[in-house]
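Scrolling down, you'll hit the structures one after another.
In what follows, chain A forms one complex with chain B and a second complex with chain C.
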Partner chain A sequence: MYGKGLRALSISTVAVMAIALGLVFFYAPLEAEQGFLQKIFYVHVPLAIIALCGFVAGGIMAIQHLRTRDSRWDMRSYVAIHMSLIFAVATLITGSIWAKGSWGHWWVWSEPTLASFLIVFLLYGTYQPLRFSIEDPERQARYASVFAVTAGAFVPMNFIAVRLSTAYLHPRVLGSTSNLPPRMAVTFLVSLLGMALLYTTLCKYELTAKHTRAQLRALRRRAETRSGAEDASGAYARRPRSAAPSVAAPTIAAHTAGRPGV
Partner chain B sequence: MSTVVPDRSSVSAGERTGASDGRAPGTFAVVRALLRKELLVELRTLESVPAMSLFSVTTFVVFHFALNRNSVDGDLAAGILWVTLLLAAILGVNRLFVADAEEGGFDGFLLAPVDRSAMLLAKALALLAYLLVLELVAVPAFGLLLLGPSLGQALPVLLGVLALGDLGIAAIGTLVAALAVRTRARDLLGPLLALPLLVPIAIGGARASSPLLALTHPGAPAARWLLTLGLYDLVFGLIAYALFDFLLED
Partner chain C sequence: MGALLAELPALPLHEAGKYVAGAYIVVFALVLVYVAIMAVRLSRIERELGELLAQEHSAASMGHEASDPESTPA
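And then the complex of A and B:
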């Protein structure tokens, strides 16, 4: 059930990303001051926007988890934050490259967005260690959700505080899309859509993989109990300790329970 | 609760009067009882506050040698003061729930038919009290050891800025402490979680107090920093209130 629509989603992601790249290199005009370097804008800014949206979405899913106690929401929240962390690393790297190219330094404190992004990244970097150091799966999910909600609310607050603290030394490349020339704006929006699709696809792949793994585990456990040679505790004890939430796969067990002679 | 405090008679007096007529005690009474217990435990063990105060003075000495400066003012002074206070506060945050987790205080509290948020409020108030005592030591020590301009005139406004910062530290600190205390790497995770969340307080606090500590032409802090601090306190106070119950469920 998790794999449904994955193929269509993957194909549309590849298509939109290809169109976006085509637009970036052949359609969007060269920027007057920065020239070719400015093209990184079409990768860096969508990455950053999607990563932040993913963090906030992870917080909203965590609220759902706390309200409904449905472990699937915890799983979605985990995957959203996990993927956002990867996107955040990519954002920091591309931002650094851009800063080096246009201002001559790898790191520029006077760029408030970059600075606040680093703080957000440092905060979310503790998400996995937090999960990893709680053993009870139910408590792990609950505490992780509390963290995700807190951190999700912290994201906008932090951006306000850091932006206030920084004098605007550098001209804003991106105030909003409204001050971009139309051809740049179109390219940017297509890149943003492509990045959003990429994020969704990767999240869906991770969810599917986790679900498949859980199903496989359930099947293997069944096979072992059927053969009866192993001791009953062996199948359970082999489960690795993990920071990631895992789905119980009750579907298979329920499905086959009534059929003794398969 | 009862395992932590030896003499139960004085501590649970308020609860018992409430429970005698069959009703659960009011939140205010519970908070008062819990706060009383916190402060009693701290007074008898002297676990957090002396360590925090001593740490702050030591940090000033370290800053003196590390920066090779006999006196500081303005931005630098505000930064040193706030970094020291935040790090000292984290020491207290790390110890905040340890007694409850190890001696069964959580179990005792969960068995009582009272509002769970009372514990958040009591712990935050206790942490606030620790911070006030810490500042009672740290601010004069800072004035004596490092600060160039005299503290006299700026003191009332500075205390206001510090109080605004303390509210936020208390709210975030309590939430983070409850989050970290029942993990395996408790001492590691507490500071790791707390510091990024406290960055906006460091920004607001340091920017608000730097004109107060300027050598020439000391001025009033800009209103937007006080507003930022106040807004941050409010938002995270509400978040802590909304989420704290989920940390106490087992």
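And then the complex of A and C:
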């Protein structure tokens, strides 16, 4: 189900990423002030934008879960946030490297963009422990969705607050692409597209893996039921405690629904 | 290769180059680690699927023998 189009998506991701790298190093001109160091911009900024958009997307998917009670939306929200966290780690590391090269410090606490991004990252860092602390899958999904919606609303608010702040030490990017020379703007937009494709591809891989695993579990349960391997307490059916959402395997459920004796 | 490198814009690898290389390597390494984790998961799924298939196969052959005793050699 989730694996559909994965091959084409993977190929286009690799192609766009390769083009973006080519543009970064052989097409975009060197920036006047920072020179070669500014090349970090083409990886750091797209990573940050995609990570923040992913957090918001996770919130939107969580709204869908709360509206429909469909566990697939919870799974999508979980995967979007999980992937955004990985992108956020990469953003923080590349940002630190850029700060060290540019300002001479790995981290500048007085800079609002850095501090606010760290706050968002730490906020979402509690998402997984929150999920893991709740054993009941139904409650886990509901509470996680409420968290994702609240935190997802916090992300744009935080972004606006930082832009309204008076300190402008950190370079402004979003909304000022027109200020970039055309060759830099093209390179940036291709890098952004490449990063968006990478995010989508990795999310799709994760969803496909989780869905396949759920189907495999359902198959195993069926096989165990048939062979009478179930013990008296029905222990085989118990799901191990996990932060990851539990998803139904609709294909197998639908397949077995009409069969007598299954 | 030498000619290509000579044609490239001057890359100040001795100054900012290490930071730029560091940033890109970090992203590449993260993606690589993720792909490695996915590979481990995939191999686990493949192994479990193999076990299930073997289980199904043995159950099917046992069922076949039980339903058709004449077909088995004496």
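Remarks
Definition applied: the second predicted complex is superposed on the first by the 229 of 262 C-alpha atoms of A that agree within 3 Å, B and C clash if a C-alpha of one lies under 4 Å from a C-alpha of the other, contacts with A are read in each partner's own complex, and residues count from 1 in each chain.
The rule we apply is simple: a residue touches a chain if its C-beta (ideal position, glycine included) is under 8 Å from a C-beta of that chain, and two chains touch if they have at least 3 such contacts.
Bear in mind that the values here come from a model prediction, so they are computed numbers and not experimental data.
Of the two partner chains placed by superposition, only chain B is touched by A:119; chain C is not. With both structures placed on the common chain, the touch criterion links A:133 to chain B but leaves chain C unconnected.
With both structures placed on the common chain, the touch criterion links A:60 to neither chain B nor chain C. Once the two complexes are overlaid on the shared chain, A:9 sits clear of chain B and of chain C alike.
Of the two partner chains placed around the shared chain by superposition, neither chain B nor chain C is touched by A:189. Contact with neither chain B nor chain C is seen for A:19 once the two complexes are overlaid on the shared chain. In the superposition on chain A, A:216 contacts chain C only, with no contact to chain B.
By the touch criterion defined above, A:198 lies against chain C but remains apart from chain B after alignment on the C-alpha atoms of chain A. Shared contact residues of chain A with chain B and chain C: none. Chain contact summary for the complex, chain A toward chain C: residues 25-26, 30, 34-37, 39-40, 43-44, 47, 86, 89-90, 93-94, 97-98, 100-101, 198, 202, 205-206, 209, 212-213, 216, 219-220, 223, 226-227. Chain A meets chain B in the complex at residues 66, 119-120, 122-123, 126, 129-130, 133-136, 138-139, 142-143, 145-147, 149-150, 153-154, 157-158, 160-162, 164-165. Across the interface of their complex, chain A is touched by residues 175, 179-180, 182-186, 188-189, 192-193, 195-197, 199-200, 203-204, 207, 224-225, 228, 231-232, 235-236, 239, 242-243, 246-247, 249-250 of chain B. Of all the residues in chain C, the ones that touch chain A in their complex are 8-9, 11-12, 15-17, 19-20, 22-24, 26-27, 30-31, 34, 38, 41-42, 45, 48-49, 52, 55-56, 59.
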